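Let me begin by presenting the structure, written as structure tokens, before commenting on it.
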Amino acid sequence: MITYDYITKIYYKDIDQMGVVYYSRYFEFFEQARTEMLKGIDLIVTDIEKEGYYLPVVSATADYKEGARFEDKIIIRTMIKKLPQARMKIDYEVYRKTDNRLLVTGHTVHGFIDKDGKPKRPPKFLLDRLSSEFHQ
Amino acid sequence: MITYDYITKIYYKDIDQMGVVYYSRYFEFFEQARTEMLKGIDLIVTDIEKEGYYLPVVSATADYKEGARFEDKIIIRTMIKKLPQARMKIDYEVYRKTDNRLLVTGHTVHGFIDKDGKPKRPPKFLLDRLSSEFHQ
Amino acid sequence: MITYDYITKIYYKDIDQMGVVYYSRYFEFFEQARTEMLKGIDLIVTDIEKEGYYLPVVSATADYKEGARFEDKIIIRTMIKKLPQARMKIDYEVYRKTDNRLLVTGHTVHGFIDKDGKPKRPPKFLLDRLSSEFHQ
Amino acid sequence: MITYDYITKIYYKDIDQMGVVYYSRYFEFFEQARTEMLKGIDLIVTDIEKEGYYLPVVSATADYKEGARFEDKIIIRTMIKKLPQARMKIDYEVYRKTDNRLLVTGHTVHGFIDKDGKPKRPPKFLLDRLSSEFHQ
């Protein structure tokens, strides 16, 4: 399993009139977190795209237990639990930093396409990189 | 079943560098659509909140088949398929208006809380309103 | 002068914890409004881009008098006050629909570039179209 | 003068189909930057609000020279150039981190209001805190 803890902070832009983070914002945090997780294992998304591979989201889910608030720091634990085949699944757990309380869980599933949107098999360099992390 | 077709349009703000709507934006469209669906049956969210009831999202999912593009009109078919008990589930189907192609499906599940975040049973006026729609 | 009234509505996604629209959201509304204003005079932004012209914002300003609230309808009066030369200026006035109260004013200034970001003169078809509106 | 350098990074959520940051996003970055600048001098916005003071934006401007791109790191130099009287002006300069190139400049002007939206004079603790920074 690959795990990465991404930390970000909540600002006014994220908060709705209930005083908590608006629900769609977590999907932006998920994107930030997975971009950094991949970077942490030398898979730069910009470089993957230069190689002609795009990783669109084909499915996204979030379950909300408690809302983060303005100026909260949150940890987004980002995980790849098994090696991708046609698709890559990434899991997320969002914790409030002060008390480590679990606020949100979720996952995204990513396909692989080329520049014209045609499905592709995941690139070998990506599978190799993930595989070497799994077998450390 | 309650069904409502909400139409909106895609602008630059919604589009990412793949040239399609960024995945989290659909959850904003879902919110717009369900607000109008409820309004269509005389349930104004602002009024519900004035009565002391808030409807936070406790779960949200989207499955992406194809991306909407800049200046596309989309139809968000919004559905309540069964009467809520403790929670209310709303389903969504997003179609491109020009060719009626299904782009995205999804759902949200809503709890009922008071101003301080304490869970409440769904208000009677809301259940009555939904119920009368189901039995038309 | 070219004038266009664009109407939109405020949803939860737009509102911050002060209970009013978050300040950056008005720039999204401005974009929606100017896209529709241009469409109203047969200048489709998608088509302009297909001709190889992009209209990036080079300057943007908003002055906030009063905040719009959840479920408010707002009118965005969108104006081109003089024919563009190297750059095109668009003015905006945002009114609350119920009482016509002026909430926000602002403007954007747009340059013209090609796909590679190189400055271009505004395209003739655009100047001709605007000009014919000014001389009606 | 008070100066604070806030660093953030650009993700897919920020990028439009021109491949650069969508123009309204910089106002979110400005908010993040000023929140951290104030925190850097022990003025926590959450605490200011608990004291009954809100700092709505009354005016916002940005001038765009060049667009930041996906995975760029940017520095937002955030400045208070003179002590606020009725209103507080904050200036911003956005630099790309790799080459220190100036991408965007801007400013926001903030009023002071109470919870009901009534204008107030800036709180003494805030003026004192800013003043002591100016006279260091």
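By letter and in written order, the chains are A, B, C and D; residue numbering begins at 1 in each of them.
Operating definition for what follows: contacts are C-beta pairs under 8 Å (C-beta built on N, C-alpha and C of every residue); 3 or more make two chains touch, one makes a residue touch a chain.
Fair warning: this is a prediction, and the values are worked out from it, not measured in the lab.
Participant: Shortest hop count from chain B to chain D along touching chains?
Facilitator: 1
Participant: Among the chains here, which has the CA centroid at the largest distance from chain C's centroid?
Facilitator: Measuring from the centre of chain C, the most distant chain centre belongs to A.
Participant: When the contacting C-beta pairs are counted for A-C and for C-D, which pair yields the higher total?
Facilitator: If we tally the contacting C-beta pairs, C-D comes out ahead.
Participant: Interface check for copies chain A and chain B. Shared numbers divided by all numbers used: above half gives same, below half gives different; which is it?
Facilitator: Over half of the interface numbering overlaps between copies: same.
Participant: Work out which of B-C, A-B or B-D repeats the contact pattern of A-D, with more than half of the residue-numbered contact pairs in common.
Facilitator: When the contact pairs of A-D are compared with those in B-C, A-B or B-D, B-C matches.
Participant: Starting from the mean Cα coordinates of chain B and chain C, work out the distance between those two points in Å.
Facilitator: So the centre of chain B lies 27 Å away from the centre of chain C.
Participant: Go ahead and note the Å separation of the Cα centroids belonging to chain C and chain D.
Facilitator: 24
Participant: Using CA atom averages as chain centres, what separation in Å is found between chain A and chain C?
Facilitator: Spacing between the chain centres: roughly 34 Å.
Participant: Among the residues of chain D, which ones contact at least 2 other chains?
Facilitator: In chain D, 12-13, 24, 28, 31, 70 touch at least two other chains.
Participant: Quick check: in the complex, which residue numbers of chain B touch chain C?
Facilitator: Listed in rising order, the residues of chain B that touch chain C are 9, 11-13, 28, 31-32, 35, 44-46, 70-71.
Participant: Mind pulling up the chain C residues that touch chain D in the complex?
Facilitator: Checking each residue of chain C against chain D gives 18, 20, 23-25, 27-28, 31, 54, 56-64, 67, 108.
Participant: Which chain D residues qualify as touching chain B in the complex?
Facilitator: Touching chain B from chain D are residues 12-13, 15-17, 19, 22, 24, 70.
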